[in-house]
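Structure, as structure tokens:
Which chain is which? They are A, B, C and D, in the order written, and residues in each are numbered from 1.
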């Protein structure tokens, strides 16, 4: 029985980690921290967990939780773990769900997040945690930088093309997210009256996830990002889900079915990627699946992917990474169907 | 052309007043105040008004706006206007959309709102602004206390029964509101991820609108509230609308259709009450209508009413009251159909 | 490993049975029938199940499935199983999720469902399947009539009061359901444009579930229904969930907390009933839980309950009953937390 | 007072025409047809219109309605009006809201709609009804082919670029629509339980509106469509609205603000186009506005537009066209603000 701690457990991502871990057969939750809710029952904040845990939020330091656990999940707002993790790297395993250790280049990090990286020397201690594309490295990793939600949807949609050298020229990624991606803190943008019937784009040409997607496409292609990426994020009137529509222009026409065959081959060992006739955000809600559909017309390809932003886009992949780090079946505690309807 | 001012115009009720008044043919908006947004364009806060007004929010005092207007709407959070109105009663007309002047008895006010009334002597200067039940008094009123949203739905559903002496014993009012009733300020209860799929009851046996409904039923019956009222408010996963289900137990069996006939007679001159086979919140969205359906079985009656909480439950009735105070057709600027779907 | 079949597996309730059973460790699904979809993959109709089953819908007869299974779930529209079950009662176990065997009195059945019961002699072969209130009988039952969705919410909210002799006079049950209760067949009432912003009541004084609730309250009280029940069903703009607000008037005042203590005692052995400070439909979505909150004021009690209509209100309770019939832990395959948010 | 008829008035587009026309000061509705609902009150199907009309649906022929009206709106499913209009062209004015007369080339029509055009000779009798781009021709038109909903959003977003010769290479249009675009007829795709939480793409590389957008971009550029268009339509979980994200790649870099200046100049006389900082579907709900936002980065432009699919994308533009044909102010009956929230 492995011992795990969740540092920052009162938000939605922390809550999802708790939901997945309270029924996980191989791990025990030894701490769940929250400065604001310290002393309160977890179930006061996450009423869905009633009956599954008697834990209360603690106000532990990173050192405290490192000392009692085999692995610490950081589920904090961006740009906090880069400082907090410093004292405990090497003392426990870390899976960081924020952006702090995802970008290899500290200058790219600064351009994206508008803050200097607090510990650039630590970045190389973290492996990029996308099991479907980076499994070999993850098997030997100690610490993981868990991918961002939009990058997960975009990279799983485009990686096989990039790896096959089939991205060139312009690539467009049009992503649509549910409101839970904004977190548990109330805000005007996620205020129900404002959001419930509204569709809008935001941070056009200025979204912090652009460079993570470019870095990933470069990893896939074995070099720099092989095409110019135009990425636009949208707010959709739903709670969970990221639906990504990726437009790729191939260097040559492919025979009908050729691109889908490429994807089936690439993802054949990935239990959480399903190649489907039509991807739908509803079919993956609450699950760790990424459903991918491929449409091709001559030299043009439209790939759509659907994930749950809090699961495959955050806590689910983090648990999958934990399974890998611990040498467990990567599906442990995660392989359950979603709802219909 | 009458001049009107809106004191507190950045919230949802203030915004609805603006929406209704920018196209009203008989009035001109001379001021719209907001401390927080002073100097900003109205359309920065209410983007739906683009193309309809060039006004900016001002930081005027009540005295300022009283000096330049024939009528001032107060659209503030509860318990502010009772102090602010003091200096201007008599200098202009006032329609107050908060609860401050609705309850005739200051002790009832204190029990409901947990604060002592700042100017109990002023309460009698305000007429209860429910045109369908209080028209004669409103025609000669100078100041109006605009009814609450839940009381509007409940009282229009029960008034004819109370007036006919047909309420007795227990009366149950089960009301369901959309999230816009919580106002424009983000909160956990109206946070989209929390609210979008959720149904819940709140403030059971402790809702501040209970006493306003009781006072109204007493007005209808010509004395005290004629039955014991159990009122429960619910949050429904919708933006606009209050749907009220009222359960009444008559002192005697009525012949089939008798209750509906009573309602048709009572509301025959009321342009905004429609007796319908099935009331639906969607059919009144954005409008000043109250749709009422009556079902009867022996000595039991279930009356359902549907209103838009921001219009018939607030700004629409306020404009209707303004029309009455100004001697205009009560429908002016208000008589437009809602959407389908 | 027990073998089970689902007769009528293409609807929402059938789909939920499949979702719960594909990961159930103690049972194997041997058949899933659908006349319309015979030959198609289950995952064509229920895309959430991709990766969990390779089964196709069959066109088997009841006799066919009875011959190969230890238990058959009937998940058909009302008034079909009463004929279809006739040939197989005694040959396998049956859990019927329709209304056909719930009402003990065939005349009550006819009044509620407007059709003569095809096999009144079989009714007594079926035990009413509400484990929280009828466990002793279920342990020895062979066939189960699974409760209706509204009756589940209403009876779990009122049973302890009825059993304690505390219901009298008028009892009001105001229930609100999500659209999945209308089933998978498209209809005007559940057409997204019509439903998404709408709240309405339906079948007032004429709902088929009224008599099942009355029968249950009578079972609790040990005789006839101890008070007059006024039950109104409402359509809420959500997909899953039944939220019930039950208004009870006690024969005497109870001390503060007395009613809640009664409920805690009654449900202390029921793993799927949680007594909570505020019941919310969102907290039970996708789960077999019934969350109950109790508010009391003198001789008045308001009990609110929240369930997922497709799980606790249908398929989840059916699996719980199956566990009981098979002598398994009643929580097997069912004890998982819902989502937040 | 002009007399108008609506042929096919029971659907959502017909209902919106009724909603806009019952309060229009310059026209009288003389007939509203529906084969299925003939004899029923309009308000049975469109309950929002209660209090605004006593009309009943008729079962008139096109000839019947042509004989009594100055203008007939056809609001039928695609591919019916091309036959029905034949007998009445020249006898009255026609505004056709279906696709039948939009595409100038009958072969393009056949490729898009999979049916041979019934009256190709009539196509030239209809002017393409996009007032913002085609006003001069519309002032002298007798019959109008009202634009499609997706083409309206896409063309208003891209027309100024195409006209200025700034479209080249690849152009991507990613559009998201509400469920009302599927019409009033219940279907699996618009079934509330299936749609309420779902986001999906459909008809990729095969949508019938692709060629209308290409034709429009060609009209703008004064020749053929100047770039290769990749258009993908998506179903969003909302009722009203089309949000379009258009990605254009310019032949050269433009100075900052240059593209927005171009749009402001092009639309300066268009009362229903608003250039805004951020387009939002909620801000235009129920209105005839198209809100457009422009973001530019070097040689790349992302234009987003928001319309109400039933108003600016159908009935609103049709009434605007009617106003133009009748020589009225194009804003008559249409210039009202939407809701917030």
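Quick note on the criterion: contacts are C-beta pairs under 8 Å (C-beta built on N, C-alpha and C of every residue); 3 or more make two chains touch, one makes a residue touch a chain.
Everything numeric in this text was worked out from a predicted model, so none of it was measured.
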| item | value |
| --- | --- |
| Pair joined by the larger number of C-beta contacts - C-D, B-C | B-C |
| Most distant chain from chain D, judged by the mean position of its C-alpha atoms | C |
| Chain B and chain D, separation of their C-alpha mean positions in angstrom | 37 |
| Chain centre separation (chain B, chain C; CA means) in Å | 39 |
| Distance between chain centroids, defined by C-alpha means - chain C, chain D (Å) | 46 |
| Multi-partner residues of chain C (at least 2 other chains) | 12, 180, 184, 193-194, 196-197, 238-240, 280, 341 |
| Parts of chain D lying in touch with chain C, wherever the complex brings them together | 12, 178-180, 182, 184, 186-188, 190-193, 195-197, 238-239 |
| Partner chain A, residues of chain C touching it in the complex | 12, 15, 19, 22-23, 46-52, 180, 184, 197, 239-240, 271, 274, 276, 280, 283, 286-287, 289, 291, 335-341 |
| Residue ranges of chain D touching chain A (in the complex, touch as defined) | 169-170, 172, 174, 176, 193-194, 196-202, 204-205, 230, 232, 234, 236-241, 243, 245, 247, 249, 278-282, 285, 293, 295, 297, 300, 302, 304, 306, 341 |
